[in-house]
Structures are given as C-alpha cells and as structure tokens.
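Next up: the structures, one after another.
Shared chain: chain A. Partners: chain B in the first complex, chain C in the second.
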Partner chain A sequence: MSKQINVALIGNPNTGKTSVFNALTGLNQKVGNYPGITVEKKEGVCKLPRGVKAHIIDLPGTYSLNASSLDENVVIELLLNKNDKDYPDVAVVVSDVENLKRNLLIFTQIKDLEIPTILAINMSDRMKYKGISLDIDYLEEQLQTKIALISTRKNDGIDRLKELIANYRDLSVSACLDPSEIDKPYFDALRKAFPNQLIYKLWLVITQDVNFGKTDRKEIDAIASFKTKTSGDLKRLQQRETIKRYQFINNVLKKGKTIDVTQAKDLRAKLDKVLTHKVWGYLIFFFILLLIFQAIYDWSSVPMDFIDETFAALSEWVKNTLPSGAFTNLLAEGIIAGLGGIVIFIPQIAFLFLFISVLEESGYMSRVVFLMDNIMKRFGLSGKSVVPLISGTACAIPAIMATRNIESWKERLITILVTPFTTCSARLPVYLIIISLVIPEGRFLGLSYQALTLMLLYLLGFVSAVVSAYILNKILKIKSKSFFVVEMPNYKLPLFKNVALTVIEKTKSFVFGAGKIILAISIILWFLASYGPGDNFNKAEDIVTKANVSNNLSDEALQQKIASHKLKHSFIGIAGHAIEPAIRPLGYDWKIGIAIVSSFAAREVFVGTLATIYSVGNDDEDTIKNRMAKETNPVLGGPLFTLASGISLLLFYAFAMQCMSTLAIVKRETNSWKWPVYQLVIMTAIAYITALIAFQLLK
Partner chain B sequence: MNTIIQNILVFTTMGFAVLFLLKKYFGKKPKSKKACGGDDGCGCH
Partner chain C sequence: MQHTIAHLKRGERAVITDVSSKNIPLKLLEMGCLPGNFVELIQLAPFQDPMYLNINGSHVAIRKETASYILIEKITHE
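For the complex of A and B:
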C-alpha cells in the first residue's frame, strides 16, 4: 500500500515557489478560485520514487516566521500545530539563488522547529549570467540539510528534489541556532518552566499574534515560575534573534557562495531604469495596455463568431429534431441560448488572462506595482493595493482577500471598498456585447474604436477606484501605520506551463463557476417568460388573431405578434413592466430591466438573460448580437441599443455593485454588514446617476 | 401524453434550478477551520 506524506512548500515571495509546485504536481492540483497571487493554500499530489505519494501544500509567500500580515499567519499556524491534518512531514524551503542570504532566514527558523527541511535553490540557470557559484557539499554540511539545485525553467533538478522528499527520514532535525544565544537567562527560565516543550516553538507562541490551538499564550502566562517580558522587550529580543541568524547565514555563505562580477552579464538594471522611469515607465505601461486590448479584439473575433453561430445552429437543430413541446422549447430557448451567452466569451477571457499571466510571469507586474506606489500613496492607498486592484480585473473576490497582506487597517479597508470598481471578468461579457452593438467598427491610428472603448472602460474602473480611495482617505478617521516593501524579481521568459495552467484554471473557473448560476437563472427566466397568469396570457392567440383580423398579416407576422403578446403578459413581462418606470429615464426597456435585476446574482448573467428573453419572444434562430440589434425602443421607436442607451448601460455596469458574492466577501473580511451595505447603496446610486446623465445628454 | 411528459420535465428542471440557487445563496456553508476570515475566531483579529 502506498504511503502519503505531507509536504509544505515555503519560501519568500517571487522565488518561483508556485513553479516548483506546478513542476511537482502538474495537473494534479486543487487550485482555489483566486487568481493573481497565493492567498489561500494550494494543494496537489505528487508521485515520488518507490510508490510514495506526496500531498503538496503551496503556502503563501513569507519572509520570516515573524508574521506581519494575515496570509503569513497561515504559514505559522500550520507549522506550529502538530495536530493539523496538513502538518508537514517535511518542509521544502524554496529559495532564489540570487537572494539566498535573505531566503535562508526563514529556512533557519523552520529548521529550528525540528521539522525535516529541504533547501530547494531555484533559478540555477541564472547562475552563469550572474557569475554565481555554490559549494553545495559545504552548504549541506553547514546547514545540516540536503539541497536540491533546481531550475523550474529548464526542468532541472526536480527528480533530485523528489528523491530528497521521498527520503525525508534521513534529514537531520538539529537546530541552526541555539535560542539561549538570544538571551540566556530568559530562555533558561523558559526551558525550566516548560521542560517538555520545544523552546523555539514556545518563543514563537509568545512573540506572534496568532492562534496556536492548545498551546496558547494564556497558558504560558498562567505559569507562576515564568513571566513573559513586555512587548518592547520581546521586540528587542526578536531583533537580536534576526541579527544572530544573519550572522550565522553570513558565515555559511562566506565560503558556500561566491560571485564573480566579471562573469555577470546583467540586463536587469538597464531594463529597470527604463521600465520604472517616472515618465517612460508610465508610457510603456499604457502602450502595453493598448496592445493587450487590441489583441483581445483582433484575435478572438473568429472563434467568437464560430461559437455564436454554433449555438444558434444547435438551438435550431434541437427544435427541429426533438418532439415539439415545452421541454424542447426550454432546451432550445432557455438552456442553449443562456449558455451560448457565456461560452461565447471564452476566447476573450482566455486572452485577457494569457496577457496578465505573461506580465506576472515575466516579472514586469512587480515593476508596475513599484511604479504605481508613487500614485497610490497620494490617494491614501498602499503600493500593495495595486495587486488587489490588478487581481480585480479577474474577480473582486480573490482581490479583496488579497488585501490581507496590507498591514495598515485603514489602507486595507479602503482597498476592500474600492476594488469592486475595477473591471472584473464578469463585466467583460456585458461590455463586449454592448460595445459590439453601439460602437462603430472603424479604426483610429490602427486601433479599433471598440478596443479603445474597452480600454477606456478598464481605465475608468481604475480611476474610479483611485478617486474613491482619495475621498475615503479624507472621510475615514482611522489611524494606522503604513509601509511598503515590494520584491523585484528577475526578468525572465514566462514558463509556458505556468501560463497555460493559469489560463486553463481561470477560464475553467469562469465557465463552471458562473456557468452553473447562469444555467439555473436561464431556466427560471425561461419558465417565467413562458408562463403567465390570466386570460391575457392563456388566450393570447385568440386575442391577437381577433385584434388583427382586418390587418391581413402573414402567418409569420401573426405568430410574431402572438409571441410578443405572450411575453408581455408572462410573469417576467409583468415584473418587467412594474420596474420599467424606474429604468426608462436611463434608456432601457423592461427586458433590460429584468436582465439588470437578475444579474445582481452575477454580472455576466445579463447577457444570458437577454439571450433567453429575446429567444422566447422571437421565433427566428439568430445570433445573440443580431437579436439584440433588432430590438426596438417601445417609446422612442428605432433601435433599442443606440449610442445613448449603450453608453448608459456601460456606465451603469462600470459603477454598479452587481455581485452578491462580492458583498458576502466584504462582509467576511470587514466583519461587519456596515461596509457592504455602504458599498451597495453608494455604488448603485453612482451607477444610476451617471447612466441617467449619459443617456439624457446623448439621446 | 407527450405534452404531459414534457411539462413534467420542465417543472422538474425548474425545481432543480430554484433549489440550486437557494442552496447557493442561502444555504449554510460548512466553515473551514483553516480559514482566516474576519469572524471565524481564528484569533488573528
């Protein structure tokens, strides 16, 4: 029978920890719904030599075991709780060959917890460019561990790492630092009061502000023979510990690592100078954004047209092949039409994530964070707020969770409150369909108007977030300290495997996460649009035929009028007409009103809803876009989707807080209903007012 | 007969859809002991 061991991947941010995780687990991984950065744990399974199976946990990046943010607590809580089902049999500390000194700090801390620890030195392929050489035997001897020199880029050393994990029982668990060196009397007293406990673990329990299950601080304070020091004294001891550890690391690296600068061929400094330049840096970032949005439009038009036509044909095939009746209609007009409204956007979403992933993998995104810090701090945000704001282009939920690494509560709260303004992928289907209907297809300087509009909407989201942050910074009277540290990883060619996994994961979570909700809502909407109360609905054929008896309508036109009459008197039609007075000033009809209400569950439901409603009210099998283009405004006449109503809708979705899940996560992260309620009310009011102004000015 | 079967299928599908949404948005979710959210008593706050 094969045995499964727990392996924890730990390391500083940007050491390629996730690449090591991908190399070990491949597709055998459970990845959370959280794009961009590692906030929660990622888990996977890896087959090791001799039939051993490893359960790998990719923990959030952390610089040391002295936690300063919420996601760092996850690491410490796991390492100090032997009763945790994920408690590691072996820890793999992933370090970057160029920053070995800093990376070894956490290695020595984990080693002192007497957990078998392997040191994986990543990015070994960069050693020749940097003139670095390592004496592995010497390092292994001094650090009392086994080292795997790896390069996830070249797929080198992964087998050696697997071999070391499989043989973890051979690893030494002796400590790197004797805690008595920090303060002998204090640690002697601690040892005397808790003779059976691991002293370094107790020290962490005393100094960290986290929950350690059975061994908590109250128990320690309750021991009469031992008194903990004041927090100021403890801080000083922590500093002394860090100094002692660096003294040890410096001594080890003095002989174990040498750098021949004459061999180094460094391009990084030159690139950094340009990419983080106070003028060129912003211009280059802007230019890259332009390219991305243009490419999203140019590359995805062919697959999108194909998907749209395929769903229209499938719907027609179902109607023609299956026996006619209510369920066949539900399949053709409800389920297929609703799903078609979401599947069509897969190409564009995949391309968007492809570009975001390439920017992150290449190391450029960290430069953007650094660049943006200059702007962010003027608006009351931290440079770290850029990460949630950029992650928010995928989904606001993980982005809001990613704010956990912002140390200042005020900056964190502001970031949580403004992140929903950034354009998430759920807005993308709404934007794309409206833009394709109301923005002309021409080009300006080689860039299509439609791509430019989409980019402007993304910028509008970002600017709204920043301006709101500025206002909140002035209004909120919360005092908290702030500091900003960003890791600048080396530039590297993105790994195809990492990029591909990101694109697959994000697209999959979009389709399957949102797809189930859209499918359910499409079914309910179809039902509500296909059934209704009273004679007006049930005797629609008689009523319409009698009313048009003198008009000599063709059979097709008569059927169209009957369908339209039924839809108007269906359950959904009645509800839609009830809310119409509120949305008519924005240029919308009752069908759009229903789509807005139903998309409160999730924004992308908007397109699926319209596709379903228009399918029920129209016998022609046509693409979603064509059906929407044919809709006429019941009050003004002419097309319903004009520049005025289109821009009004785009602005409504740019500002409205149309996402139940985001509200739930804001409640969880702020531990209060106050903030999500403020968000909902204020964002909806801004959305309504801007949409109203836009329509009234442009109509 | 065909009409009855089709209607039964429609109402069953509708029932499943409503149940799914109710469970999704109003159903109780089991709390993860590992989570470190604002109100899960993890002691981080």
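For the complex of A and C:
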C-alpha cells in the first residue's frame, strides 16, 4: 500500500463542497470526464500532516444515494464498487450549517455502507447571524463520527479536517439505521439469500439502476434478481427508509442543534422579497443581463484592440526578421494569424464566465429559475431551462449537460434541441467583427449602437430558442410527468477563489479545445491558399505580367495583381468559386464562402479563416478588421461588407448549426443520431432562408 | 375540506399530514417533505405558480400541481 489515501467529497448541492475541494487542493487539481459519460470528474492532491498524501475526488452533488440522474449515478457506482481504483478509504460529507438536517440523510446512508465517514460542517461563519449553536461532542457521539466545523470563507477548520482525514483509521464504521426497521421479513430473507454481503449494499443494488463494470456484473445480477416485491412496493420501502432516517436525525438534532431565533438576522428574506418580486424581480434580472452585454462589448474592447495589434505587429516582425521562404510565410500568415484569432477572444469569454459563475455562486440563478418557470412552462420548457439557455451564451456543450437536472424528459429534450440557438461565445467573434464593420458608431441612451445590436442578436437567439420550443412542444408526442423541484440556496458573496478558478478553467478549455481546431484549420487553409494546381497558379507571374504589359503598372500594383491571381487559382480559390453560386444570393463572395464552410467545424474559425485568407499575399502590417474593410464586392463593386451583407451574415450565424462538438454532445445526451441530424438540417435551412431574405431586402 | 400546500397563502404555516407518494418525486421527500414536518409559503411567482416554500428548513420551489398532492393542516393563530 502506498501512503496515498483516497478521499471522496460527498454532499448536497450548494453546500460549498467545491470550496472545500478548492481549499484542500488549491491549484493541484484537474478536471476531466468519467469515461464514456460527460459527467465532470474533479480530482486533486492534498498534503496532510506527517507527510501523508491524499487523492481527493469531488463527487457530483446529490441529496441521497437514490440516484435519479447520471451525475448521481456516478456517486453510487463508486461507493458500491470496492474494486474501483478511486474507492474511498474515507468519505467526507460536506454539509452547510443551516441545512444540517437534510445533509445528514446522505451522511447516514454512506455510513451504513461501512465506509469511514467524516462530517464537515461548512459555513460556520454564518452561525452567529442565524443564532445557531451546535453541541459538537454530543453530535460526534450520537453519529459515531468525527466532525470538522469549517468555514471556507474564513479559511477556518481546514487543518482540523486534514488531521481527521489523516487519522481516518480511528473512525467508527457502525451503522446508523438497522434495515430491519424498514421491513423485517423482507430484510431477513435478503440476509439469508446473501449471507456474506453487507445488507445495506444489497438493498441499494436492488433499488438502484446502476451500471457496473464487467468484473462485478455476475454478482450484481444475482443480487438484482432477488425480486420478491413489486417496484411499487420497493418505492414504498424507500420512502419508509427516508422517514426512518429522518426520525433518527431529528432525534439527534433535537439536543445537538439549537437555534435562537431572536439572534437570527434574516438577510435572505429581505433579499428574496425584492429579487423574487413580480415586478422588481424581472426588472433586476433584465438589468443584470444588460450589464453583462455592456461588459462583453464595451469593457473588453481595450484588451482586445491591444491583442489584435500585437499579433499584427508580431506577424510583421516575423516576416521582416526571419529569412523569407515557405516556413516564414507559414509562421506569419498561417500560425500567428490563426493564433491571434483565438487569443483575441479571451477577454470576452473570461467576462462571460465571470458573470455566469458569480450568478451561480451567489445563489441568484435559482431565483431566476423560480421567476421564469411559469413563462417557460407555456413554451414546453422548465424554469430550469433558463440555466442552460443562459450558460448557452458561453457554450452550448456545458449548457446541454446542464439540462440533466430537468426532471421531465420532454422538457429536457426540448431544452437540448433549442439551446444551440442561444448566442454562444463562438458566435461572438463573428458578430463582433461584422458589427464593427457595418454598424455605425453612436450612442442611444448611453448605450452604443453596436452594443445594442449585439444585445438584439442575443435576444434573437433567445427568442428563436423559445419559439422553436413552443413549436416542438406542439409537435413532439412524448408523455412524461413534469416534476419540478428546485432548491433555493442561501445568498452568498461569491468566493473570489472559486470564481477565479472557474474562469481560468473554462477559458483555458476554450483556448486549448477550440484553439487546437482553429490552429489546425488555419494551417490547412494556408497550404490550400498558398498552393494550386496547373499553370494558372504556378506561372501566375508570367501570365499577369504579359496581360498587363501595355498597362504600364507600378511594381507594387503588379505584385498585388499577381497575388490576387494566385489566390484565385489556388486550391482554396477553386473550391471557393465552386460554392460561390450558392452563397452569392446571400451577398457573400467566395472568401466568405470558405470561411463559412470551415465554420462547420466550429464557428469561431470564421475570423481566423478570413485572417489567414486575407493575409496570404498581403504584405502590409494591418489588423484583420482593416483588411476586411478593404475588401470589395466583385459583382456590385463598393465594399464587400455592407449593411446588407453584414446583416445577412449575422443572421446566418445566428441560426446555423455549425458546431460538431455540440452535435456530438446532443447525440450522447439523447442517445440517438436522430436529434442532432434534425438540428443540423433544420437550423441550417432556417439560416440560409433568413440570410437570403435579409440581403435581398436590404441591398 | 382537505387542504393541500396549493391552498396556502403567503406567510402561512402548516403541518404536513400526508403525501401522495405516487405523484411527488422522492427527491422532495429527501428534502424533508414528510408527514409531521412543517411547511411555510414564502413567495409565489406570478400566476401563483411555482410556489417557493420552506419545508422543514429546506427552501425549495415546486409547481402548484405537485403542491396539490401534499396534504396539510393549517396552523391557526388564536
């Protein structure tokens, strides 16, 4: 045995479990996925006293060991499988001090699995505002455990928790509830059938629909085949178990926890009165949204301009410094231009994730869910669909995963199908550059026209999501019960550390995840744009020079003509011209066509693609935006990016389903190719038609 | 007439007497929605739905439809 201890952090949602995880591991953590499913797996390493090391897993939040979602399933699977390499030597149940009663439910369940279990009572700093006092010695004796009273906000009690983890061997593993109390004859029979097994484990295996690895399959099948009761009866027994556990917990807390109501200062009630008010609540929500858009547009423009200019200068510097040749060109025109197209969006994406994580952390998001449920229900959605729809403004992938806590399958499916309409951060680059090209500057009521256009686009995304939900609700014939239970957590000042870690983590995964695709596509595009078949490309100098002999062109103008002739006959030029007839009615030229086609890998490629195409054969130091502004329309003359073609492009990107990763996630979450294919075909058709109408009307 | 949580007015408190377990999710029971526990209506969204409740110290919001499956006895102040 190595000295590393496996520790599992378990607890209800909203107990500050992740703060405890962050406090224990700091930056020594990594976030991955459980194999085969898209549940986030957070693990990290923590140094304990006396040189002991602990491997810590932050398990998904759950109210009990009765799994009703994929996330919760992960918890049970791990706790029931002793052969899992992550099977905990010790479990830490994280509870918050105000909801101790409810958190003890899962505590007693885990303890009954004979896993050494520590109780960490978090948010102890709130006790004095709430007039709560705890008799820790009494609680430790009754629950037969060790308790760490901690406050991640004040950084209190973390050392004691580490100490307890290091000494986990001293913990008692005696059970809290004798299952015979639930139904004696049934559990006696069960015990007789499997004398060597832990009775509570048997019970969980029978009542839960858990997926185990192959090794345990036989044993589990044998247990699961013990069917002497109908599923209705089993559900009744589960309820009896819950009631019995609460009886035990109520008894313990009667003496262990006292609340002096006169001491309680209820900030929550005061805030709720305003934030869930039928008028103020909605107004405040609207203003928060407004603030987010203003921040994304206005506040991030300074760092973005700086990044844009830096990369343009860097590209120029490389060209001037390194010996000229194919490699230098690849570096300057392919790689640096492509990288610039990724890095430039870091400020905005960071802002977006900052706001979303503050809204979640503060507890405000649940109030929005409460306020919106009635409205959303009319469109076949749930109040909980608001969270995916809002976080869809960051990225549809985590948003679609966030639909998992929607209880009704029909509401969940509709949410999954319409979420890609919301304006994700990958659309942002496209919107921003087009808006800055075609929408005039100026202000209306203190908000710039450009910010308002952006806000309208977000609104458009949201409205199209809701309208398609309404249509889907009428079309889809799925019967499912619509349960809706949402916890309204306490208001908390978001912890800087938690917010910062989320922002860094999410931004990093955008930069590296999307970045890889963008970079690869940039390089491929550069090759396709720099080489071409036949004489038209390879003898471009001769052809253009001969054709212009009588025109008496300056050397510079001649070079320009050669370059554009080359681009036209390169591989990419040929492909672009092939699709041009299909996109000309929308107001685009073949270069935009290439950008759109490559966007089907991921939307954010658009800007990088244009950057690469335009910088090939273009020697002056210039930003992407200025290059785009110089482009002229080959048919109509005049600038290519006009109000008409700009609006047409904006609409195309607003509706088109251009994200392979989202399609893959939808396939995984709905377990069928049917839904992602519908999404791809229908959304892209809508995009083409609206863009067509817009251009033809405005031109 | 039997009262349910759906009949509660804002600020009113009651004791849960019975739950129709077929029609409410287990998760709600786990949060403390069980016979004998108290419940208080904190806030109603527009159109009286969903309902924001304090059940046994847990703050949750549920839809009116679900609330109508939880029987209560109102606590009256003399």
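Odds and ends about this structure:
We adopt the following convention: the second predicted complex is superposed on the first by the 672 of 699 C-alpha atoms of A that agree within 3 Å, B and C clash if a C-alpha of one lies under 4 Å from a C-alpha of the other, contacts with A are read in each partner's own complex, and residues count from 1 in each chain.
Basically, contacts are C-beta pairs under 8 Å (C-beta built on N, C-alpha and C of every residue); 3 or more make two chains touch, one makes a residue touch a chain.
Just so it is clear, the structure is predicted and the values come from calculations on it, not from any experiment.
Look at A:Arg102: by the touch rule set out above, it reaches chain C but stays clear of chain B. When the two complexes are overlaid on their common chain A, residue A:Asn196 makes contact with neither chain B nor chain C. Look at A:Ser550: by the touch rule set out above, it reaches neither chain B nor chain C. Within the superposed three-chain model, A:Lys278 lies in touch with chain C and out of touch with chain B [touch as defined at top]. Of the two partner chains placed by the overlay, only chain C lies in contact with A:Phe370; chain B stays clear of it. When the two complexes are overlaid, the chain among chain B and chain C that reaches more residues of chain A is C. In the superposition on chain A, contact of A:Gly383 is made with chain C only, not with chain B. In the superposition on chain A, contact of A:Gln239 is made with chain C only, not with chain B.
Residue overlap on chain A between the chain B contacts of one complex and the chain C contacts of the other is empty. Remark: chain A residues 40-41, 70-71, 73-74, 77, 86, 209-211, 323, 325-328, 330, 404, 516-517, 519-521, 523-524, 527, 601, 660, 668-671 touch chain B in the complex. By the touch rule above, chain A contacts chain C in their complex via residues 63-64, 66, 68, 98-99, 101-102, 105, 235-236, 238-239, 242-243, 246, 268-269, 272-273, 276, 278, 366, 369-371, 373-374, 377, 383, 407, 482-490.
The touching residues of chain B, when paired with chain A in their complex, are 2-3, 5-7, 9-10, 13-14, 16-18, 20-21, 24-25, 34-39, 42-45. Residues 21, 24-32, 34-35, 42-43, 45-47, 49-50, 52, 56-63, 65-66 of chain C are the ones that touch chain A when the two sit in their complex.
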